[in-house]
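Both of the next two complexes hold chain A, though its partner changes from chain B to chain C.
Let's look at the complex of A and B:
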């Protein structure tokens, strides 16, 4: 593959949100710097995604408090999605760097179109831990209702 | 029986993939010792053991988070709910990994937090 091949690849949309807002069946080629994870929507998998979150934030030079906050935020996002996901479905997640921010986005298939409860304790914790939070629902590529959550967190621990 | 079903009166234990909770009845306060990740997988099990201790008539509960290496909002919710129903609850929390989430959510102002199990049992 040459540089020009990469240049014409039309799956690597620079707007990261847009790229995963319409997840495709199967993995897209890993031509960008995203770290992608797919796993069964089961609380058993939380330790795995927390561990990856900690490593991704550490590799982006986040300080120890920011790493801890990001792990907690990612855990909150995945817990929220897993409890709303259709049994037997999967979570599709990705991590990406955006300047000084480490970003995480995840989506789950839900039985009906649901929104997150922004008045819950968990959601308040999430907004406290992160610099940006967003959530949206809509049909996925297969037409199934899908719930997305996006978070971004800066490099230092000045949140509290 | 000291298996995971925790049917014994003195010791109850519940586990998740990354953590566990053990209920220990002593002459003094009842201690709930949490180990590992207190996340959404483990929090309901902590809640069950708290309820069991309360049904048992234990007025002073100590939730020992010394061995906790991850504290999620689900775990903090159990602490808050228990504290509101059982104002005598004491929490043992030491180290950044547990204190930071409690500080961010300002629960350090609300909960009765001690640095060691001995201090929590003594209540000072």
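Let's look at the complex of A and C:
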């Protein structure tokens, strides 16, 4: 796999943190290769993200196992963030292709700084379904505590 | 009316007649009496064939019989709880409409909650079948372009068909595809084995009862994916359903577990 070539997300410090510094999941570059979604942090919106996730992975011609796993993982990421988000806040998400990987990143504003428990079942779900998982917390552009989760998934079996 | 659980009212005897005195017994026990539970359990268990019978009558309509039995059982429990023997009617004449009502509501609420055009349903069915066939041939899950090439349709149609399955509960399509014998795989034992796997998880104590409460097939699929690390295609083969059905069941199951994990601590 060539996924470390870009080194973009190494050490859990993604490069889009700069882009993140404006609106969180970045609307500063008017056009780039990311697909962005912004919606109210409400579980009712899950089918929308799930559906976009499926299409993004299908366009990359991943196998149907990888596509469904990616959708499940996106579902899990968004549920995790939504249940921790400040009521009335919004979720910012973006999809991007990184070599053979399809990547998803989402961020939510939280009341206090919270981290994702990496010994939880939810984390097990994410690590099983994807090839890379990362999560970090810190102040967002407006100084509010923000929780980020990043996942990336290649084809099943890891071959291109 | 088919030969049915509807027994002759009043005077007649039927296979459940021996249970009738238990309703009086239940009615006499005060609320909160620990003995109530045992009597109630006996009534529910004793009448289970009734729920199964009704489920069977609906089972050719595209929903798995085992799912319907569960729904029917919920109806039965409601009937047992609400039945008042003092009103002098036979339990069956009360229970049958209650159970059928529950099953009908299930069809109405879940099975076809979203109207999907027939073309999409058929496309979904075709793609699902092609997915199964190609998995067999390739020994792995196919990609959308492989499915498109196999069916000689545009890739866009494959994307559309893959998504169609998520919009509605196309249980019927998948049940039609699977070779039958629902839940026949004796994999329930995997739960015991996976205790070790669960122990590594912080919230395993709140998780375990939620997992145990899952229907057998859903539990098996969950354990195979997250504790045995099998792919969805491998699981589909093992259980005898389509990969798309596995995907849908996993989505539903994870949602159930998440809801349970969020709610449980609050209640305690």
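Methods note: the second predicted complex is superposed on the first by the 128 of 160 C-alpha atoms of A that agree within 3 Å, B and C clash if a C-alpha of one lies under 4 Å from a C-alpha of the other, contacts with A are read in each partner's own complex, and residues count from 1 in each chain.
Please note the rule applied: a contact is a pair of C-beta atoms (placed from the backbone, for glycine too) under 8 Å apart; a residue touches a chain by one contact, two chains touch by 3 or more.
Just so we're clear, the structure is a prediction, and the values are computed from it rather than from any experiment.
When the two complexes are overlaid on chain A, chain B and chain C occupy overlapping space and clash. Using the contact criterion defined above for the overlaid structures, shared-chain residue A:79 touches chain B and also reaches chain C. Looking at the shared chain after the overlay, A:125 reaches both chain B and chain C. In the superposition on chain A, contact is made by A:55 with chain C only, not with chain B. In the superposed model, A:44 makes contact with chain B only, not with chain C. Comparing chain B with chain C, more residues of chain A are touched by C. Of the two partner chains, chain C is the only one touched by A:156; chain B is not.
In the superposition on chain A, contact of A:63 is made with chain C only, not with chain B.
Of the two partner chains placed by superposition, only chain C is touched by A:117; chain B is not.
Common to the chain B-facing and chain C-facing surfaces of chain A are residues 47, 50, 64-65, 68-69, 71-72, 75-76, 79, 83, 121-122, 124-125, 128.
Of all residues in chain A, only 43-44, 46-47, 50, 64-65, 68-69, 71-72, 75-76, 79, 82-83, 121-122, 124-126, 128-129, 159-160 touch chain B in the complex they form.
Residues 47, 50-51, 54-55, 58-59, 61-69, 71-72, 75-76, 79, 83, 117, 119-122, 124-125, 128, 155-157 of chain A are the ones that touch chain C when the two sit in their complex. Residue ranges of chain B in contact with chain A, taken from their complex: 16-18, 37, 39-41, 70-74, 76-77, 80, 96-97, 100-101, 103-105. Of all the residues in chain C, the ones that touch chain A in their complex are 131, 140-145, 147, 158-159, 162-163, 166-167, 200-204, 207, 225-226, 229, 231-233, 243-244, 246-247, 250-251, 254-255, 257-258, 261-262.
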